[in-house]
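Each in structure tokens, the structures are laid out below.
Look for chain A in each of the two complexes below; its partner is chain B in the first and chain C in the second.
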Partner chain A sequence: MTSALTETARGPSAPRAGGGASRRAKRSATGRVSPLILVFVFVPFAVEAVWVFWPAVQGFWLALTNWDGLSAPTFVGFGNFSDMASDPIFRTALKNTAIWLVLFGGLSVIGGFGMALLLQRERRGVGIYRAALFTPVVFSLVVTALIWRVFYQPDGLVDTILRTIGLGDFVQPWLADPDTALYAVIVPALWRQIGYVMVLYLAGLKAVDPALYEAAKVDGASAWQRTLYVTIPQLKGVNSVVLSVIVIDSLRSFDIVWSMTKGGPYHSSELLSTYMYSTAFQSTQLGYASALAVVIFLLALAVILGYLIRAFREET
Partner chain B sequence: MNRLKTSGYHLAMGLVSFLWVAPILWVIVISFRSFDDVAANGLGSLPHSFTFSTYKSAWEDADEFRALVNSLVVTIPAVILSLGLASIAAYGLARYSIPFRRTVLLLMLMGNLLPPQILLIPISRFVELIGYYDTLIALIAVHVGFGLGFYTFVLHGFMRDLPREIQEAATIDGAGPGKIYASVILPLTRPAMAALGALSFTWIFNDLLWSITVIRSGEKMPVTPALLGLQGLFVSSWNVIAAGTVIAAIPTVAVFLRFQKHFVGGLAIGAVK
Partner chain C sequence: MTGLAADRRTFLKGLGVLGAAALVPGCATSTKSPGSGSAATGELSLQSNLSSEQAKAAMEKLVAAYNKTGGAQVKLNTVASEIFRTQLPTYLTSANPPDVYTWYAGSVADSYAKKDLLLDVTSVWDGLGNYPKSMQTLSTSTNGQKIFVPTSYYWWGMFYRKSNFAKWGVTPPKTWDDFLQVCRTIQGKGIPPIGIGLGDTPWVASAWFDYLNIRINGAPFHRELLAGRGRFDDAKVKAVFTRWREALPYFDPKGKSFPFQEATSALLAGRTGMFLIGTFFADSAPKDALDDIDFFQFPIIDPAVPVAEEAPTDGYFASRKAKDPDAVKKFMAWLATAEAQETYVQNSSGTAIPANPDGKAADTALVKKGKAMIEGAAELTQFFNRDSSDALQPTADAALTKFLDKPDQLDQILKDWQVAAEKVFTA
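On to the complex of A and B.
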């Protein structure tokens, strides 16, 4: 469930105006609460409490300790966090996570939105184009990683193509060179994410009232103006969903980097998530790794809160 | 002019689409090439051979068959359990005025929004403590626990919008809450359940992080993490790795093709507001 898809469809399902839905909610939820209903709610809640809430509390506590997993954890306060300041790998991972957020996040929104605009009108062939762009979304990130590793191999297709078009000088060990590794991983991640963002925007575009376009057209707005002044403002809801999904996904991104480079070479493609994993399970510094996880959480916090507030509003 | 524009559009989109699927096609082509061919001509060349032996290697020598079985043993119960639990919770929260129901719902959603990294160490310790480290049961439990919040939230949205009258009618007919859930609400939620079912199948099947966190032995690994092991086993035998990759991708592609409409519909849940 850690794939980029995981967080895809978060959000209230009802494509209705808030007012109508809430009135209905008040009306429909009037059944008398029987013990069975309490069990219905309590059991799933308890399952999540055991597997999520309680571990999360422990995770936050462990971040304040030093722990090798064998002896008992010792409390060090915010020591782990001050250690980060002088940890060059942490700084690289933080910088790479920021690059990842901007490039992976930004380009997938631009690419996905652009493709959705190009493919929104139902016409001949559009179904095939959409399917082609969407296909990678179905694959796991590990499958995606392996497909592209085959590609990047020395004498693989990338190199062969570069040589054929006379750019042989650019041929290099893409994933083994610290200067290119991070970007060589972002490309496949984008390949998979763009189709997904496109689907989100296609759904959003479908919900835009066609009368608005007609009105703008009658008023003499060009296609470009219609996109800028009708489509984009109408997509505000989708934009905020896409933004939350992208930020949370970027911060969680792990699979693709782990399967392609494991954060290497020399930590050049390290993200906070991969650094956290290797710190926890390879060098077993469990306290420090927990602190890294807390940093990931704090970076995602604003977006998580924004998402919850929106969800909360929908429910009222 | 217009015709020129149309053919330009199709030319450009056709090219983009082709480039998009080209990596997949290329890997499929490589998966059918023999060792000698790859060694002699390189991975970048057109195929000079055709063989199924790569698939045999991946299936038998690398034991991808067992990995696939592991994946299904984890994925199918995990999907059923999470949707079952999520639907009863959503039913209670959406149709009955339970105290603090909004808080409960948002707390559950919040759990799913947490970065999994914060849970990795405590969960690996916890499954060790209860003696389930390195078991598929632990993996099922983790997937169910972590996914629940989101599924509950989505299903709650659907159930909330069902008209009250049907529930009242069933109550007048003497149906209890359990009966109303099973024979009235659940059937009406089928489209949402199908969408979430298709989505959660791919999510759980495609998982890497939880698998490598709670499972250690190679013979218990589901196919997604096992693929990474394949790289170590067949160092630079990229044709076998390609075959293994194709095998690992087949189940999710099959689910996607079978439930295409639900799948895309599920992805779009939440985008339209």
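On to the complex of A and C.
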């Protein structure tokens, strides 16, 4: 909106600066955008087009086909999508993804926000706590998975602790039991995500004007009221970032599940992402896998666009 | 924050424009992929999935030995086995594919031959008159061409520690009833009799399915079933599971949680009694423990069924688009010689047996016994995925691990398995 204004304002001034020669003036008028900027825009776009957009578009097309990766794909229309309706593994994966979104997303927001509130004030040694909470973010998820698999293994740390505190009856094959596998994977995923969300909120809290708190204090607001009526409304911008991060991270959560359970035992901890991967690269049903990818894409888009549109409306 | 929102909208708009621009070039699925093969420079490329340390070193020695013979120079390209498996279709369909590949004999090779992607190496087989009939059959495609050159095989068996069996006072059983008796005795000593490792390696359970099926219904039925010409909810398949259920109480409950490598450790440490596994387990076992290891043949259930054994066969095939087919065939003919196979076997972990009957296997009692068992078998099968496809394997993993967990739901499990298998066969 504003850019159009500046352009028209700058337009007539350009020839004057050019020294009066009409040919040069013309050229500089059409070439207002410097070639360097064009290069900066179009070279990355070309790279992106080949490596991101083009495969993505192909994915949409493949979702409408049956393809084994060897022969030519055969067009089946929306057959893959109607197959999903009757696919029990898809339903489990969808349900698990919803559980994941709620538990992983919800708890990491609550946990991350709580930690940020606790650790926002500069006290002695607070840096150590912040660093400790952030450390898991530094580890690769595959490493995290390895560590937690050792915790969960039979007679491992978790079992030992449960036995020591007299809860030996709760000992289970955590990752091998279909009732516990999904939750056993959510815990390490949260262990990591809470640190990440905490950092986002800490940054947000730093940006809140301290004068607002002072004013609230003067008005006699309690700590709880200050959090509720000052902090949270002030963090609106951060919230939208956190929400996007959480939704995208939940829907693309793959590495931790794959390296801990591979979606097993017998598909009980399958997420849409792991199901997509195993359908594509283990069962080589690339058409069906692409259809699953489209579903994941639409889900992410729906959640995020829904939020963005609402946020945008509120602001204008 | 208003500025941010406006930016976001422009950003989304821009994204739409860029996306539309990306759409313009067209819409088709041409499997173009960067070929890792070499141009026709008198050099052959060999794509290998033998990425474990010992096997990789053995392959390097093998290729170096061939390059000294003065034929076309072979360039070895070792790829991690999981990547190799998922990329193989891409390699073979690319415009400029690698020439020669390590892979498995039987149905898994034939599936590529059916798509006309493999080089006909019938002429190589003219010089392989001493190979047994079973190897020939495994290397022949549906349309009668030889498409594969086998170089080694290994066997599956019920492995145990000799010292532990002596301590528990049990002897290797021959029949199913004897086997269950042995299980009861070992369980009486407080040890889980049957080890298994399903966490991360659920395919290990397929060995039990394969063996019970070839012992009860015979190898031909097994092969037909795995080729999609039978049904998993068949009463004959159900009979397999009914038998299996008799042994279920003797399985190590912890086996669900760890992979077969840890199940190997459990066996060696005496925490389980026996373990149905392929000889590759020896790769992750300490050498001194191996001297105490022995195996027995999977127990006979129905004496009327011709005895079949699992003998997964490894070897090579070549791309139909190989730049220099004559050089490829010369190389594959060399790979089929006893000398080449001995070079590989001596430098690798040593439990593989050369496919060439004249090739000498490692001189240990264990390998001799294994070789004798395979040679005495009336029929050979490969393994679940090799007799069907890698695509069918996950359906078996889901069905079998569920059965081990919830044997009561057998009917539903078999029904689900059939549905999942049909999807794979029609994909």
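We adopt the following convention: the second predicted complex is superposed on the first by the 265 of 316 C-alpha atoms of A that agree within 3 Å, B and C clash if a C-alpha of one lies under 4 Å from a C-alpha of the other, contacts with A are read in each partner's own complex, and residues count from 1 in each chain.
Keep in mind that, in the parts below, contacts are C-beta pairs under 8 Å (C-beta built on N, C-alpha and C of every residue); 3 or more make two chains touch, one makes a residue touch a chain.
Because the structure is a prediction, the values reported are computed rather than measured.
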Which superposed partner A:265 touches (first chain B, second chain C, both, neither): second
Partner chain(s) touched by A:257 [first = chain B, second = chain C, both, neither]: neither
Greater chain A contact set [chain C / chain B]: B
Touched partner set for A:176, first chain B, second chain C, both or neither: second
Partner chain(s) touched by A:247 [first = chain B, second = chain C, both, neither]: neither
Partner chain(s) touched by A:285 [first = chain B, second = chain C, both, neither]: second
Which of chain B and chain C A:216 touches, first, second, both or neither: neither
Which superposed partner A:70 touches (first chain B, second chain C, both, neither): second
First, second, both or neither for A:190, with chain B first and chain C second: neither
Chain B versus chain C as contact partner of A:230, first or second or both or neither: neither
Contact residues common to both interfaces of chain A (with chain B and with chain C): 1, 45, 48, 53-54, 56, 58, 62, 69, 153, 237, 281, 308, 311-312, 315-316
Interface residues, chain C side, partner chain A - complex: 1-2, 4-6, 8-9, 12, 18-19, 21-23, 25, 27-29, 31, 86, 89-90, 92-93, 112, 115, 117, 198-200, 202, 253-254, 256-258, 390-391, 393-395, 397-399, 401-402, 405, 416, 420, 423-424, 427
Chain A - residues contacting chain C, complex: 1, 45, 48-49, 53-54, 56-58, 61-62, 65-73, 88-89, 152-154, 173-178, 236-237, 262, 264-267, 278, 281-285, 287-288, 308, 311-312, 315-316
Chain A - residues contacting chain B, complex: 1-3, 5-16, 21, 24-25, 27-34, 36-38, 40-41, 43-45, 47-48, 50-56, 58-60, 62, 69, 118-119, 125, 128-129, 132-143, 146-151, 153, 155-161, 191, 195-196, 199-204, 206-207, 237-238, 241-242, 248, 251-252, 254-255, 258-259, 272-273, 276-277, 280-281, 286, 289-290, 292-294, 296-297, 300, 304, 307-308, 311-312, 314-316
For the chain B and chain A complex, residues of the former touching the latter: 9-10, 13-14, 16-18, 20-21, 23-24, 26-27, 30, 42-45, 85-86, 88-89, 91-98, 101-102, 104-126, 141-150, 152-155, 157-158, 160-164, 167, 171, 176-178, 181, 192, 195-196, 199-200, 202-210, 212-213, 224-225, 227-228, 231, 238, 241-242, 244-245, 248-249, 252-253, 256, 264, 266-273
